[in-house]
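Note that chain A is present in both complexes that follow, paired respectively with chain B and with chain C.
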Partner chain A sequence: MEYKKSTIENLREALDNNEVTGEELFNEAKKLAEESQKDINAFVTILDKYKSRPKKKGILTDIPYSLKDNFSTTGILTTASSNILKNYVPVYDATVYKKLKDAGAVLVGKTVLDELAMGGTGTTGHTGVVLNPWDKTRLIGGSSAGSCASVAAGIVPFSIGSDTGDSVRKPASYGGVVGFKPTYGRISRYGLFAFASSLDHVALLTRSVKDAAIVTNVLKGEDPLDMTSLKDDGLDYTLNLDKSIKGKKFFYIKEACTFDKKSDILESTLNEFNKLLDKIRSLGATVDEVSIDKDLLNAIYPSYMVISCAEATSNNSNLTGIPFGNRIDGSTYEEIMFNTRTEGFSELIKRRFVIGSYVLQKENQDKLFLNACRVRRMIVDKMHELFKTYDALIMPASGGIAPKLGEASDVLSDEYLILENHMAIGNFGGFPSITLPYGFVNSMPIGVNITSNILKDSELLNIAKQIEDLLGYIGQVAGDKNV
Partner chain B sequence: MYKVVIGLEVHCEVLTNTKNFSSAKNTYTNIPNINVMPVDLGLPGILPVVNEEACRKALKTAMALNCETPDEIIFDRKNYYYPDLPKGYQITQVTKPFGRNGHVTFLVNGKEKTVDIHQLHLEEDTASLEHYSNYSLIDYNRSGIPLMEIVTEPCIYSADEAVAFLETLRNIFLYLGVSEAKSDKGQMRCDVNISLMKDTDKVLGTKVEMKNINAFNSVKEAINYEIKRQSEILDKGEKVIQETRRIDEDGKTYSMREKVDAVDYKYFVEPNLAPVKITKEYKDTVRKEIPELEYSRIKRYLELNINLEDALTLAKDKDISNYFDEVIKNTKDINLAVNYLTIVILGSLNKLNININDLFITPTMLANVINLVKENEVSNQLAKNIIYEAMEKNIDPLEIIKSKNIKQISDEGELRNIVKKIIDESPEQVKEYLNGKEMVANFLVGKVMSATNKQANPAASLKLIKEELERMR
Partner chain C sequence: MIDKKMLENYAEKLMFRMKDDELDTLESEFDTILKQMKLIENIKGIEKVDPMTFPFITYEAKLRSDLESSDSLSVDEVVSNTKHVVKDQIKVPKVVE
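Right, the complex of A and B next:
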């Protein structure tokens, strides 16, 4: 058994056959994590000791994993990769963390994110840039940067992240791994540091679709501490994976994939995508090109920014240094708050807070915030309409490969606007959405994204598994070249 | 003279087991920071969970105040920074408060007054701050306690009206059981907005706001002080400054800050609490739980020809009023019922320091005794003594009457025999009476009473004594 390439399934077998112990797996993961720090910098905290106290032994018992550093973990530093929380040690457990503890999963470390989960590059955490294990001159993407890198590098077989716009599914594409965000409410958000509550999802990164199903099985269910959590659907997601997808109907959005001019990378990516669609059709499924009003599609990104910044500015108003956090002194309470927030946040965060505050102001609220909410509703309605005909939306997760460090990745040309931001649709509507590797461009992995209607998590995982089987990228880690 | 216009914003803590959005206890304690959960500290990652009981009670109060009620429960965030507000926002209601456009009617010095309710909403309390010379302490026990805020229209015109309204409101809270409403514990607090205008003015004068007044008496003092202060300013032809003032222990108000432009709280719908529909069935159930309220009972009592003072006394407390209503279901003599309740029963409650519901004497027992008095079976005096004895011994008063074989002697034949015997035994008094000292007859009634163990009907006895004595002339 090669640990680095093992899926949860493989590790479970080895553990059950007494080929390896949980402590050995932890030590291996810890060693890999420590060694990787200087190259990819995925972790804020690496834990010292193996600890597994399952309430009941199960499929995740003794399986190592990493957790994004914006989940509350009692007694373990949790920074959200921000200076304002650089010394913050929580006093309660996130529901997700508690469930994994109870299942006996072994936490290896807390992973770096874009500061407060705001950003898509993995470059803004207070402990430095996270790099792509496939090519250390490139980004891994964000905000679940360390989570993705730790799975892509083979340090852990799974990681828990959060996805507000595409924060798990975009890095999954850049890292050649599986990134899955179930239906909004499927997994409790209690203990996930809020970025934009109506868009935030707990999401996960694995190296196979089946592993995504295994982990979701453990995490899902209604939580009395999260009123937006859903009643458990009672399904075992691993049992529906092998059904044929013959007769399933897919669509992709024409306007997102049509360009006047294409870069080489974009052209190759779209070629790979078209090849994939042909393969899917060969399974007996249909794939249609569907046209959606381009103005509506162009409004996705600005609407996302408006809504997420508005909620973020309110959600992060608790960071004042008064009850907790890295307090910077002052002679009045206003000064303490002012100094704490001035020193605690980077410029990018302040920019988002200013935007959020601006769009919520009385005189702007209807024109900016409420209009963004209306756009959101229109897009979601459109999707609901399409899901009456189609089983899933299938799209390239990105128009290309992981950008080089220093490439101005936040500045997007109009051409890329839709293709680079369409995954926010999944957050707008709370739709289950999954990214999985489907090929390589310039020796870097690329990902395909599939999105289904709400509550269709099991169906979506079935589709993803069938496509994964078609392509064979199971247990892929950085360095596996499959050009 | 100026016309005074007052609007009130009343905050009232809702009686629940736990806080509005967390499972921490909602109880009053002097020990700081013990009723605290992560939610109440606004720690990263926390989520609010709505207290259904708080919602139910707010809805019930809105209904009792004759408000329009919403079709669904929605909460909003009010965003601002202050050290007593750990999340940096307060969860409150703006979009769809539990009540809008209500009204409440009550008596002010015997005259009817209606106050219009602008809105009633449910929100969470802040932490409490204690300031010292160079530091401040924060107690999060209060953070997240459910609060109802009731905002009136500017339709109150005097301190008396304001206080009567607050008393009425408190009484409604107590009747509904939605709050203990103790102002000394800060469970009921009020902001007063007051402005003065000339009778001929068309627009309201400049508004002064007085924050967080607990005791109703202080509300009165503050209003009267402000009327005097603002009148003096206007008399001099000067302008009242729009500002926030506080009341001090001396009963005077002091400026806290001048009102700058209104703060923009950037309200938006709380995304962590999905809207919950309120069904018609749910509303009907809640509405059915609302008892008849004080003012309706006062009016009913007045219609029964009970005097105002007694009507107010009876209706003040729901349990006493319920008790009284049970009594008058079982007896027709309203006057005796009022008399026995206000004097015998309420007097005993005070002495024994118990609630009327803990009283051994049930309304039926009391009504039975009253009926015997009314039918001249037992004398008034004896009946009262029997009730006291019954309370002391926990025995049904009817049992006492039976066991002592007490029965008022009203039968003329029987009574005349006793009267004759007493007259025979009292030659001195007879002589005095016949000499014109008619008061002696009353003395002889006393003798009849003691001879019969107080069972003789005193009025009947007096009549017979006079008859017998006159016959001796």
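Right, the complex of A and C next:
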């Protein structure tokens, strides 16, 4: 058994056959985590000791994993990768962490994110930039940067992240791994530091679709501590992964995949995507090109920015430095708050908060905030209409490969506005959505994203598994040959 | 139109200060932001749509009963994340002189 390339399934088998112990797996993961820090910087904290006290032994018992540093973990530093929380040690457990502890999964470390999860590059955490294990001159993407890098580098077989716009599914594409965001509310958000509550999802990174099903099985279910959590659907997602997709109907969005001018990378990515669609058709499924009003598609990203910044402004008002956080003294309580927030937030976060405040001003509320919420409804209604005919939306997760550090995008181009940001649709409507590797461009991995109607998590995982079987990227880690 | 004075005022409302060069960057960033936000206004028929603030309607939402017992934090836990503690209370400067 080669640890780095092992899926949860492989490790479970090795543990059950007494080929390895949980402590040995933890020590291996810890060693890899420590060695990787100077190259990819995935971790804020690496734990010292193996700890597994399952309430009941199960499939995740003794399996190592990493957790994004915006989940509350009693007694373990939790910073959200922000200076304002650089000394914060929680006194309660997030529900997902508690469930994983009860299942006997072994936490290896807390991973770097874009500060307060507000970013998509993995470059803004207070402990520095997270780099892509496939090419250390490139980003891994964010905000679940360290989580993705730790799975892509083979340090852990799974990691828990959060996804507000595409924060798990975009890095998954850049890192050549699986990123799954179930239906909104499928997994409790209790103990996840809120960024934009109406868009926030707990999501996960694995090296196979089956592993995504295994972890979701353990995490899903209603939680009295999160009133937005859904009743458990009672399904075992691992038992519905072998159904043929013959007769299934897929669509992709024409306006997101049609460009007058294309860079070489975009052209290669779209070529690979078209090849994939042909392979899917060869399984007996249909894939149609569907046109959606381009003005509406162009408004997705700005609407996402408006809604998420507005919600973030409010959600982070609890960061005062008084009951917790890195307090900077002052002569009045207001001065303490001013000093703490001035020192504690990076410039980027302050800019995002100001945008949030701007759109919430009385004179801008209808024109900006409420109109963004109207765009949200229009796009979600359109998706519900399409899901009456189609089983899933299938799209390139990105128009290319992980960008080089410092590489800038034209943020007003159609490519940026539509192709680079369409996955926010999944957050607008709470749709289950998964990214999985489907090929390489310039020796870097690329990912395909598949999105289904709400509550169809099990059906989506089955579709993804069938496509994964077709392509064969199971257990892939950085450095694997371009297949 | 956006100017630095307005941005400074928003930052003040959010209880942080921004340096002059940070405000310059933000002011120029707003040029792009406003162009992107203009895209929202281009949508035909948007005024007839109800704003959506939640991904989908859940017909069953439980509120915790007031009397339901739940775990609560001990005083030691509550004050464990601040150095400014006096007699089990978090200390701030005098509010009333």
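Everything below uses one rule, namely that the second predicted complex is superposed on the first by the 476 of 483 C-alpha atoms of A that agree within 3 Å, B and C clash if a C-alpha of one lies under 4 Å from a C-alpha of the other, contacts with A are read in each partner's own complex, and residues count from 1 in each chain.
Definition applied: a contact is a pair of C-beta atoms (placed from the backbone, for glycine too) under 8 Å apart; a residue touches a chain by one contact, two chains touch by 3 or more.
No experiment lies behind these values; they were computed from the predicted model shown.
When the two complexes are overlaid on their common chain A, residue A:L15 makes contact with neither chain B nor chain C.
Judged by the touch definition given at the top, the superposed model places A:A310 against chain B, while chain C stays out of reach. Of the two partner chains placed by superposition, only chain B is touched by A:Y190; chain C is not. Once chain A of one complex is fitted onto chain A of the other, the partner contacts of A:I355 are limited to chain C, with no touch recorded for chain B. Residue contacts after overlaying the shared chain place A:L277 against neither chain B nor chain C. In the superposition on chain A, contact of A:M227 is made with both chain B and chain C. In the superposed model, A:F71 makes contact with chain B only, not with chain C.
In the superposition on chain A, A:G429 contacts chain C only, with no contact to chain B.
In the superposed pair of complexes, A:N318 makes contact with chain B only, with no contact to chain C. Taking chain A as the reference chain, the count of touched residues is higher for C when chain B and chain C are set side by side.
Common to the chain B and chain C interfaces on chain A are residues 88, 91-92, 198, 224, 227-228, 313, 320, 322-324, 333-334, 337, 357, 361. Residues 2, 7, 10-11, 13-18, 22, 25-26, 29, 32-33, 35-37, 39-44, 46-47, 49-56, 58, 60-64, 73, 77-78, 80-84, 90, 92-93, 95 of chain C are the ones touching chain A in the complex. Looking at the complex, you find that chain A touches chain B at residues 70-72, 78, 80, 85, 88, 90-92, 94, 189-194, 196-198, 224-228, 310-311, 313-314, 316-320, 322-324, 333-334, 337, 357, 360-362, 365, 369. Touching chain A in their complex are the following residues of chain B: 38, 41-50, 77, 79, 81-83, 86-89, 136, 138, 140, 264, 266, 268, 271-274. Across the complex, chain C is touched by residues 87-89, 91-92, 184-185, 198-199, 224, 227-228, 230-231, 293, 295-296, 298-299, 301-303, 305-306, 313, 320, 322-325, 327, 330-338, 341-342, 345, 347, 350-351, 353-355, 357-359, 361, 367-368, 370-378, 380, 411-412, 417, 427-430, 454 of chain A.
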